[in-house]
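Following this line, the structures themselves.
The following pair of complexes shares a single chain, chain A, combined with chain B in the former and chain C in the latter.
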Partner chain A sequence: MDALDLSQNKHADVTMEEKQRLFDEAKSDDRWEHVLYGCYECGICVAACPSARFYDFSPRVIAQAVAREDVDLVYTLMNDSIWDCSQCFSCDRCPRQNSPGQIITILREVAVKNGLTTAKKALEGYGRIIYKIMSTGTQVSPDMLQPDAFPDWGTHVGEISDHLEEWRKALPPETLHTTETSWTIDKKTIIELYLIWHMTGVMDLIKGVDEGLFDILVDVMEERLEEAGYEDVTFD
Partner chain B sequence: MIHLPVLKAEDRKHEIDPANAPKEDLRDEIFQLEKEGEWIVQRVPEPYMELTTKYGRMKKIPVEKTWHHKSCGQCGHIPGYSSSIFWLNRAFGLDYHDPTDQTSCTAWNYYASATSNPAAQAAVAMRNFAAAYEVGYFPIIHCGTSFGHYKEVRHALVHQPKLRRQVKAIMEKLGKPFVIPEEIVHYSEWVLAMKDRIAERQVIDMSMITATVHPACHYHKLIEEDAIYDKEIYGAQRTAVITGTLQALGINVADYSTWFDCCGFGFRHILVSRDFSRSFSVQRKIEVMIEEANPDITVTHDTGCVTTLDQSQFAGRAHGKKVGLPVMADSQIAALAMGAHPYKVLQLHWHNTDNKAFLEKLGIDHKQKWAEFEAEVSQIKDGKKEYMTWEDAK
Partner chain C sequence: MAHENIKGCIVLKELYYNVEHNTWVKVIDDNTVVIGMTDIAQNLAGPILHAKTKAVGTMRRLGKPIATVESGKYVGPVKSPVAGEITKTNENLANDAQLINRSPYKDGWVVEMKSDNLAEEMKVLVTGDEAVAAYKEKIENDNIEACKHLEGSDTYD
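Then we have the complex of A and B:
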């Protein structure tokens, strides 16, 4: 009898060696031993999972696939499934103390780091957030409240946008009189953030996901670093 | 014949015993690492309050000398949430710090896009903790996502020496101390610990209000052992934050069958798979709350949850769904109960789902209050003042 093949043979063009390499990269993550203890398919994670209700998604299938080291299936899931996860960690109620959510976080990092096409596609439209955080140090800003950015939030967004400047000044906390950032942030603080991303290889990840975005960020960040006296820091 | 002991139902007691907790108490490791010279542990300043966590460990909650780790989404899109937290501190005359030397926790980006890595995430956290330590204030976290993520980072730093040393080296290069706080405290824990003092100063009767509670996933599901539980609230079967605060204010907290469900924020979904977020929050949370509990308001304690539950109802209405339930944070309710201005302090005009009926039920003249707020805005527009101050917001 043939073994059950849930991979659906969808990525036959990718070699088993490559699939194994990516799996091994995930398995070698220092967090792996804390997030996977083996799965006995109770389905408690699926019952709690919001994504399982709306997508063809199962944290149980993912936990099972990695526990069995089915690298073929894991590769399929890395391309088709992992971006449906809500990262809510409702699945941390696992009686075996697995964390399918954190397994997925690790698989996502591997997908991004290795430039999988599906990872790039999943992050299309997300570039503005990456740009916002990496250029301002905050992830969400008041001036993002534009009607075309959140059309399904209704006309209220337009009202806020029309009054943004004065409403932001009509806030008692002194640090919130901003529109381009969530709060007033020191220049030195942003420089420290850039240095962290430089030292931890995050900019390389960005380059793999969106080279255009990377180029824009490099221009912004290198200029600011140079102004702050860091002439020897580049992101090439 | 083998006689097996029979445990009768009445003999089974749900006892919380920290000595037999299924999860470790990370504090032991944290202090041990300090002894070994790995890092500095910033102590919770005195006076502090104590609350019980899930497996019985007591958690220290600072009263004041707090460094307010702000939330991007709160400050950016629902600034009355942050404003109400500060207002509560000011109402009690407490010493706090609202820093400009603070970055985003970057966790929303991390959970949404994975365009980061554990070292970067941990370094961002430790940089912020160092900033708090440098000015002598103890961090208190405004966002549920930041709180859950920093708990996760703390776990990783304790258990992965290689990561810890990498991040320590980064802090050294930045010229910052390598310091971890004794506790990672969420502001809603502070509000809960202060509930009796808040209730003493309550000026708005809320006994006619029914509320549902939505707890943030990253507050009580991620690193579950470090969330607040109380035998007096839900028999310690659910987290006590928010509910304990509302009950202290005389609000009737009503149950509903999807209490444990996520709000549907999804991190990346709220931006790029928006049908999921709005469908989930309306169909699994809002409609269920309205159908089963008929509340006047739903209350939560996280940026993403307030945003998703509040903003999704517009699309729900367009589809003929049963929506129209105002959404607020526990800090906003507590501040309102103590007499804070609904627009100058709570900034309710940033919220989407209409909350005027809720204010009317409390006997608050929202038209008058809006006129007062608009008078402030006019002065700003006319150049008579640059900003509205805390004094103006009284």
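Then we have the complex of A and C:
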């Protein structure tokens, strides 16, 4: 019989230099000194944390690991625990003014910017939501209600998806007679949105995490920008 | 039709495959091919809601999207296994995207493309027993779950 594997080997190990580089990148963030002051283990953040009730997750562990600058543990947390946080910031009641939630925000950004495999995995399910919000400006579309995607909506979710078009047409505002987007999107709004993505460099971030998603977004955006007279705006 | 069933996933031996991108290629003539998603790809996507192909006349580089596929919680490109021009698209997908789920290798084809350099580009694709071996390895390495098929799917066994 194989030995019991308690290593939770979910991610590839990297050199200490690489772990230190990732930690330093997080530490150099302008927000860092405003969200981390030190921890005396009172446990108030854990008591307030909804994720701690349901997962093997502790905001206190996060605050202590970064305060001790335990780069090895921080790397492990970046590949695991930080994705269990619901970013509700209930932990902001810390008497030392720490914000484990905001520390996690910074660590997540570093994980995404550096294309960590576990960041890609954690965000995989959000691909369609990112595609929706970036290509249409509306985050959730009614046709996301599918038995295989949202079984937690209950057994009637199948019926909803089967009759979605008719039910949406029953809604009084015509702008809600949509299934692929939350509501009808004005063309001018879409173009402004695409120009914002272009100017802020957000597409470079997407490219680092999911090149396939980047490619299909570019296809949609460049086509519509060209139609609107912005031939010079490209994302490649 | 010669095929292999790997954990319920069908691989047709007569087709050519880009295993990494999960696409198949069927050669029509010296510079024309039909392209589609594999059974494994339809299984990973789940029941497909929208399949939007690029327009006829679009030039595509290798690996660039020829279509966008959306399901309940997934969106992704169908990446072109060859470089060239899209000459025909499967118009039936606009009304019934789940043709890809039910008939990935026949009625659910995605686009037809013309390539000037087809012979060269086909060299990197795999076919026959080589394709079967490559998919066995991929299914094992990527820990892909057994393929699920919607009601009315093509049968091979």
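The criterion applied here is as follows: the second predicted complex is superposed on the first by the 219 of 236 C-alpha atoms of A that agree within 3 Å, B and C clash if a C-alpha of one lies under 4 Å from a C-alpha of the other, contacts with A are read in each partner's own complex, and residues count from 1 in each chain.
To be clear about the criterion, a contact is a pair of C-beta atoms (placed from the backbone, for glycine too) under 8 Å apart; a residue touches a chain by one contact, two chains touch by 3 or more.
Keep in mind that this is a model prediction, so the values were computed, not measured.
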Which of chain B and chain C A:T189 touches, first, second, both or neither: first
Partner chain(s) touched by A:W167 [first = chain B, second = chain C, both, neither]: first
Chain B or chain C, by number of chain A residues touched: B
First, second, both or neither for A:G154, with chain B first and chain C second: first
Touched partner set for A:W197, first chain B, second chain C, both or neither: first
Touching partner for A:F54 - first (chain B), second (chain C), both, neither: first
Touching partner for A:L123 - first (chain B), second (chain C), both, neither: first
Which superposed partner A:I206 touches (first chain B, second chain C, both, neither): first
First (chain B), second (chain C), both or neither touched by A:Y131: second
Touched partner set for A:M144, first chain B, second chain C, both or neither: both
Footprint overlap on chain A, where chain B in one structure and chain C in the other make contact: 125, 144, 150
Footprint of chain A on chain B - complex, ascending: 70-77, 79, 82-83, 86-87, 98-104, 106, 108-120, 123-124, 127, 131, 148, 155-156, 159-160, 162-163, 170, 173-174, 176, 217-218, 221-222, 224, 260-262, 264-269, 271-274, 276, 278-280, 284, 311, 314-315, 344-345, 347, 349-350, 352, 373, 376-377, 380-381, 386-390, 392-393
For the chain C and chain A complex, residues of the former touching the latter: 46-47, 49-50, 54, 64-65, 68, 70-77, 79
Sites on chain A touched by chain B in the complex: 30-31, 34, 48, 50-51, 53-55, 83-84, 86-90, 92-93, 105, 108-109, 111-112, 119, 122-126, 129-130, 133, 137-142, 144-145, 150, 152-154, 156, 160, 163, 166-177, 182-186, 188-190, 192-193, 195-197, 199-202, 205-206, 209
Of all residues in chain A, those that touch chain C in their complex: 125, 127-128, 131, 143-144, 146, 148-150, 180, 212-213, 215-216, 219-220
